[in-house]
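The structures considered in this document are given below.
First chain A sits with chain B, and in the next complex the same chain sits with chain C.
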Partner chain A sequence: MAPMTEPPADSAAAEPADAEGAAEDVRPPEYRGRSLGLARRGLPLWWLLLLALVGAGVLVGPSIEHEADALANPDPAAADAVGQAFGQLPPGALVLVAMDADLGTYPEIRGTTVTALEDLLRRGASLAFVSVSVEGRAIAAAQLEALRSDGVPAERLLDLGFVSGAEAGMVRLVDGALRPGMSGPLPALVAQRGGGIGAFDLILLVGGSDIGPRTWVEQVGTRLPARPMVAIAPTFAQPELAPYLRTGQLSGLLATIRDDAAYVRGTTTGDSSGLLPSAFALRIGMLVALVVLLRQLALALPRLRGGSPAPEAVEQ
Partner chain B sequence: MTGFYPEGLAGTIATWLAALVTILVFSYLLGERRIFRLAQHLLAGLATGYLVLLAVREVLIPRLVEPIGSGSANPFLWVAAGLVLVMLGALWLPRSVVAVPVAVLMAATAAFALGGAVAGTLMPQLGAALLPPRLAVPELIGSVVSLVITVLVLLAFLHGSPRRRVVVGAAGAGRWLLLGGIGGWLGFLLVSRLSLLVDRMGFLLNGWLGIGR
Partner chain C sequence: MRRSLPIAITVVLGLLLLLDFVVINPTLAGLSEAILELVIVLAAAAAVAGGIALVLHHGRNLAERGEDLPGSVVLLAGFGVMLAAGFYPGSGGAGDPTVRWLVAAVLAPLVAALFAMLFVFLLRATGRGLLLRPRQTAVMVAAACVVVIFLLPVGGPLGGWLASAASWTQQVPMAGVFRGLLIGVAVVTAVQAARILLALDGADD
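Moving on to the complex of A and B:
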């Protein structure tokens, strides 16, 4: 007599060898045993290949990139608008840097932000940093420290710190941007001009995926419509922010790698290669993404033709 | 590479730490979830600790404790402090009492967000979408196309009501336009994420290992 714990012969044969694979693969036949099989073996080769190719691109890129094709088709229009907004600043202008970038997306805009800050300092502006997001505050503190280490005089930098309350905090800043007990030439100048955001000649919005330029435009722009605002944001925020450029609520917007490349190239006096991502590595990444897209499309073709139901339908 | 790390020992430690954590996160790509989870917990713990520190140092002490301690507090600050205390005791107080600060918080947040969206986004965008008289032909064509696309996409959200064949067809076209828009946005997102990956690889290879520097 067979022991009770012994499984029937047919079910044992149907079970996968590894424990993780115990879950039934409910996908249509053309999907089965492909990417999931690789993941089961712990070898997602696509990812390794992508990392290796991008790494090779980062290493090889600088030696083969030329000035003309380093980043495809840099768009000077956005950079010109930003340059124009900066050019209209009065001598000794006060610029508020609303630093609300986040740690996950700041690397994309770091080079552009640093270039813009240097550009403003070169034009004689003084910079005041404020943040309404926690991560933005961390980045602002680091950026201020970096500027001080680079020898920017302390009297041209002002730390307005973190303002709690998100939208409500922004509205509070309109009337009073100074923290209690602040002293020095810049706080005195801000206080003399009213103490709120109206004291500043321009607002530079550095945004991310949390609170960004859109919220600043909605909360501060509606209360101070004459105050020019320029935004720097990651590429994915461009579709959201471009309409504000058309309405004139933003004076300038740098939100794609094309914009960033044009601005950094046109503004930086020295070597700008470290400020922009390697175009060669980006191209490799795009090609890999294209291959993955085409592969998925090829896999989905039978379903699109009506040959088999969608995976989610099979699961149900 | 980032300009954030100073020269000397502190910079070296910061660079090695950043490289180590980057590799911990990348380990997920090899199917190693425990190490990745450790990195996640590290991030969550650090973020929470930083948030508490920020709240105490930059909000509670300068904006609440010091004004109340110096006797120069705005009377509304006492009311706000009372509401904060009610929130702190939310577990033990009756619901009707706790509802007051929660209602104030929700209402204020909604009012700011909604008011800002209407005054700062909806109205200006509606104004920009209007077709002014004597518009140049290319701009007129662009504006009409925008209007048609907007109408078709809005029609795609019509659910539950009886519709004629024309409306059904228009809604179908709107759905495809919507999908096209989402696809375009995903393209933007892909470029964004790729540049982050390139940045991290650049940091590991150039900034940390010094290859190709």
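Moving on to the complex of A and C:
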């Protein structure tokens, strides 16, 4: 006869699927057999439902919302500052576009970047693109081609290419932005004005998670303090760039979706809905995140009153 | 001697670049420009060397039938396709239509998909964090909830109030914390740089 074993005190640990895991589970009793056990069996059903809801929001959102409904409460202050900086450009201005966005976060700022480039071209500016990041170079090449396809004259666009060396490359651009053998009206104008970044009337910084506006301000802005800089960056970069806006090192900053919405709506002449993310999809995604976070917080409340297990023990 | 030579080179080059930043002198400018050119060439060479090392590593992995063979095959195939698109006779390099198509149709969606997965992974990670360090993670999650609520894109008076609260949060507490962080990082960097320039860093002696 097989020896009888005592039934486990914790009912969750008695589940056959989690029996082995529960024996080694050093977490508090109320968590045993919960998330880790579910993770072994795959994602729980409610997770899949929430993900399906987010997916549906992304797919359906743009088709059911109207222009007026898109991104409520845009913030016009940042857009006004950028408009003011662009408005102070002289006729036929030269603008350097420092394209260092990354492929992961560029979708958030693509609409704003495209709108800003169109805005500058409408004001008569010529654009020169340069990148010190590899992904930024890929985006710059695509953007240049898109502008050419849209009929922007070749003599108003200049491709300064990719500069390796990150910060060292930026510093070298201050004195010499032109590559050997470059010819044409724009390179000639840049050469006539000194050949470096000082030849440009404004620097438009398009940043991402790799190298971004902060590095440009630190490396180039300190060497050319009189050169106005305007930045477009994803939302996560806003807190680290805002201090530079306060000090005047940045003339303008578009770094939140509300800033972007205000700028795109105020600048685009036609329908701007395709240039902004869907507010409906954003709402669904944020509500789903909120539900999950609050649920996890509620589950953790009993643990907050007691002592926490040693992290080393849980990691083991 | 083996350790003092790199320190001496660092000190001399660092002081040279620092002097060029604060003193206008054509000779200093020429020297620092030459150093920068050298750094740029070295960075480009390091990138090429990194690419070659990656190919050799995965090529050896395939030859020795090591771990994750499909991963090595995909990496080498992707590397080869991108190189061929950028280097075939008459190619326009990074601006070539084939390269742009590969970036727009393959690379960008893949990277965007990876970033989109952060949504799920971050939410799952908060659950793990609440298990490991409940108090610290609870503060972080509560702050995240408040920020998400403030940033909800809703219209009307409620949306206006939320937007004002979001602006205040960004401009006062968050800006203050980040300003302090930036100043702190700058001070520590300056101190560390000064220690290296003055050869006071005991670890390198």
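Assume the second predicted complex is superposed on the first by the 250 of 316 C-alpha atoms of A that agree within 3 Å, B and C clash if a C-alpha of one lies under 4 Å from a C-alpha of the other, contacts with A are read in each partner's own complex, and residues count from 1 in each chain.
Going forward, a contact is a pair of C-beta atoms (placed from the backbone, for glycine too) under 8 Å apart; a residue touches a chain by one contact, two chains touch by 3 or more.
Computed from a prediction, not measured in an experiment: that's the story for all the values here.
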Which superposed partner A:A188 touches (first chain B, second chain C, both, neither): neither
State whether A:L45 touches chain B only (first), chain C only (second), both chains, or neither. neither
Taking the superposition as given, does A:V54 touch the first partner, chain B, the second, chain C, both, or neither? both
In the superposed arrangement, does A:Q249 touch chain B (first), chain C (second), both or neither? first
Of the two partner chains, chain B (first) and chain C (second), which one does A:L304 touch, if any: first, second, both, or neither? second
Can A:Q296 be said to touch chain B (first), chain C (second), both, or neither? second
In the superposed arrangement, which partner chain does A:S149 touch: chain B (first), chain C (second), both, or neither? first
Taking the superposition on A as described, I'd like to know which of chain B and chain C A:D175 touches: first, second, both or neither. second
May I ask you to decide whether A:D75 touches chain B, chain C, both, or neither, giving the answer as first, second, both or neither? second
So which bits of chain A does chain B touch that chain C touches too? 47, 51, 54, 104-105, 107, 137-138, 142, 145, 161-162, 164, 166, 168, 171, 238-239, 243, 246, 256-257, 282, 285-286, 289
Residue numbers on chain B that touch chain A, as the complex places them: 1-4, 6, 26, 29-31, 47, 50-51, 54-55, 58-59, 62-63, 66-67, 108-109, 112-113, 116-117, 119-121, 124-125, 127-128, 184-185, 188-192, 194-202, 204-206, 211-212
Residues of chain A defined as touching chain B within the complex: 39, 42-44, 47-48, 50-51, 54-55, 57-59, 62, 104-105, 107-108, 110, 114, 134-135, 137-138, 142-143, 145-146, 149, 161-162, 164, 166-168, 171, 179-181, 214-215, 217-219, 221-222, 234-236, 238-239, 243-244, 246-247, 249, 256-257, 274, 277-278, 281-282, 285-286, 289
So in the complex, the part of chain C that touches chain A is made up of which residues? 21, 29, 33, 36-37, 39-40, 42-44, 47, 94-95, 97, 99-100, 103-104, 107-108, 111-112, 114-115, 119-120, 123, 126-128, 130-135, 137-138, 141-142, 144-145, 148-149, 151-156, 159-160, 162-163, 166-167, 170-171, 174-175, 177-179, 182
Residue numbers of chain A touching chain C in their complex, please. 27, 31, 35, 47, 51, 54, 69, 71-73, 75, 102-107, 137-138, 141-142, 144-145, 159, 161-166, 168-169, 171-172, 175, 223, 238-240, 242-243, 246, 256-258, 279, 282-283, 285-287, 289-290, 292-294, 296-297, 299-300, 303-304, 308, 311, 314-315
